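One chain, subunit A, appears in both complexes that follow, with subunit B as partner in the first and subunit C in the second.
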Partner chain A sequence: MRRIASIALAAALACAAVALQSTRWSYTRAYGPFVRNGRIGQTVTEPRFTIRVDRVDGARTIDVPPTQYTKAQQITATGVFVVVLATIEARRSPVYAGQARLHTRYGDYFPTDKLGGGGGLSQPVVTPLSYVRFEPGLPRRGAYVFDVPPAAVAGARLYVSDHDAEDAPFGFYRDDPRRFAAEAHVDLGLDTAEAARLTSRPPSGYSVPEPS
Partner chain B sequence: MSALVRSVAAGLRRGTARVRRGAATGAARVRRPVRILALLVLLGGAMYLPFRQEWAYYRQDVPATHTRTVGPGRPAVFQQIRWTLLRYGRAELKRGDLPPGPIGRPVRPGETLVVATLRAEPLTGHPRDFAIDFSLRDHAGHRWSAYEWHTTIIPGGKDPAYVMGLVPDWAAGTFELVMRHQHQDLSPALGGPQLVFRR
Partner chain C sequence: MHPRARVAGYVTAAVLVAVGTLWATGGLAPADAPVPTPPGREVDQHLFRTRLVGAHVATIKKYGRSTRMLVINAWVTNPTRETLGTYGLNDDVFAHGMFLRWKARDGPRPKLVDAQAIAGDTLFRSLQPRLPTYVAVQYELAAGTRLPDQVTVALADYQHTDSGVLDPRGYWDWKARRYERAHETNPLTHKSGWVTHIIPVLVADVRLPVKP
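Let's turn to the complex of A and B:
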């Protein structure tokens, strides 16, 4: 009798194990990105940094001031430049908020490469926030610049993550830059009217501020 | 006579069997909790192990495996160099001097450029690059980047070594220098020992 009870218990445990397998966490729940939501003007607190989006501007062209080695230049958007001005601060230790995306109904857009600095081999002509190393107690205000079709602006949200795939210390995770990222999703308040305001007559000669 | 022997032998057999049954019941009582405990340990281990490294990676800021602290004026060896903290203070740049590249000048209010001055005596005669991850920390758990500045370490050299960092004003009087082994790919140090120079 006891043997039969033991066998039944073992079978029940095996069934429970199989059932638990099918009720495991989803990929996103287990591996991230771990999302915190916020909206423009509100501070979103992630484990390693805080971000507050202050303003969103539109621009048709961006003016780049001359330097000691380069002339002044004007960079034209393929669609429209969406400039997201934000303040970011590290909470405990140095951190990059290097993974920024503009999430739109057309898909995700990464910061424009028209400002240069691609691949980390050169400095961009204007330093976006992706290049800034944030330190605790030293907040920086700067810009993320996206080049998107005007029709994609309405409803766009900013996704910012502290994750830097280059820092991945464990070999086989290097190919998955979104794994274990803490990600802030910020509603930019771009309803149809606001999107129309940004895209109908975007100013030319916009000056993107350096991180300050 | 033989009947008496048979009855005694039967009695002995019955007694031995009873003792065995009792012992078996006792062992079963112990065995079950042990098995359940082992099962729970296995279950916990199976759940913990796959997440261990990932969790460390998620934090991207794995604390040092062990910490060695050294008081001011006391020497400590790190990467075959004997370091002695001489002083902590605010950095004062002379005209034309630049802070280490990744730091930049303190141009915003509330920022202070600080420096740790150390005596560095190499323990080997051969010149080599050291791969030290310098940082500054306070007791509240904040950490800031720091970099060597105007420093060349040679046997018999008299010049001090400088490590410079940019911290908020409120940390300018409390920061401490931390040394950890740098990764080969220059990514942040993960685990490993750290040497803290106390104030």
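Let's turn to the complex of A and C:
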């Protein structure tokens, strides 16, 4: 009887050890960003910046006007362009809101690199907000542009933080830009009906505004 | 000997022989010989879903110098939830999962120099989740290289490591067929040391006719 009880106790302890292993916090929960939630039209205040999403547009193609060095271009979406127009202001010191993602049910989409400027070696043909340095007291309005499958638009949320890899130079996993970042999560109000309105007949020849 | 003990001895011996045989032959892992695949058929690399559709020779003029290139075109879909790239330094970019099978008699092996996604006239390098993207992988041809009528392209398999010592967020890398250690010197820092390389599992061999 005692032997059976010992075996049962050993098995129970082994199961408990395995269960405890799987109940540890995930990396994101332990080290992930500090999140402030908001929604379209509302100002979200982070320690270093504020953001207000003003409007969300859809587009099939984007027109880029000619410059002194380049011809006029038309840039086509692989899926559909989701253009998020937002106003951002630094609170205490100059800041970039460079980490932007469109969080969807299909995954996280980074701003499209079809506008150029990849790797910081060249100037993008239209300046997205991720390239803008914001100054305190000088709010600027501009756009983040994402290229996503139409089916991913419903329920999409904008995630923005001021962190980048250079800003988190501590700890073993210092290259993770989301580690301990202050991140704004903005509900874009894209319910099924609104997503269908954006994606069913997106306009061609959309002009993305330069930051004001 | 007691009959029950004899049976137990036979069973133990049989298990030992079976385990030894599996160990000697590489276990129960599937055979990793690449499957001959016709052009245009989708290949599941786990990190990418790839359809190799053609190969051609192009002359590209850059910085006033004309270079002969072998260009391999593919439709690539990123099935993950994160944005990936066509070309970069790490293994988890599309171009680094492609290998040309090359015969020494055809001269110097073509050198991978870039891979760009194409949409209309726009070039870019991001592979957004679930957006099928047309990609051109470019190999520079040396003066003495003779291009055969057909090239065979092997595609590597990838696997995701959920968490590890190097990065608890998880990462993708080639699925290893085996590892090779080599003593190397960094050309920039001139530091020497042992480096471990992954020799990847190849999932498909795609033979493509080369258009001149």
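Basically, the second predicted complex is superposed on the first by the 173 of 212 C-alpha atoms of A that agree within 3 Å, B and C clash if a C-alpha of one lies under 4 Å from a C-alpha of the other, contacts with A are read in each partner's own complex, and residues count from 1 in each chain.
The working rule: contacts are C-beta pairs under 8 Å (C-beta built on N, C-alpha and C of every residue); 3 or more make two chains touch, one makes a residue touch a chain.
Small disclaimer: the values here were computed from a predicted structure and weren't measured.
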Partner chain in contact with A:Thr192 - subunit B first, subunit C second, else both or neither: neither
Touched partner set for A:Ser207, first subunit B, second subunit C, both or neither: neither
Contacts of A:Thr43 with subunit B and subunit C, given as first, second, both or neither: neither
Touching partner for A:Pro136 - first (subunit B), second (subunit C), both, neither: first
Which of subunit B and subunit C A:Thr76 touches, first, second, both or neither: second
Partner chain(s) touched by A:Pro149 [first = subunit B, second = subunit C, both, neither]: second
Which superposed partner A:Thr112 touches (first subunit B, second subunit C, both, neither): second
Set intersection of subunit A contacts, subunit C complex versus subunit B complex: 173
Parts of subunit C lying in touch with subunit A, wherever the complex brings them together: 80-83, 119-122, 124-126, 128-133, 163, 167-169
Complex contacts: residues of subunit B adjacent to subunit A: 53-54, 57-61, 102, 108, 110-111, 135, 141-145, 166-168, 170-171, 183, 187-188, 190
Complex contact set, residues of subunit A against subunit C: 27-28, 73-79, 106-110, 112-114, 118, 147-149, 152, 173, 176
Residue ranges of subunit A in contact with subunit B within the complex: 31-32, 47-48, 92-95, 133, 135-138, 162-163, 166-170, 173, 179-180, 182, 212
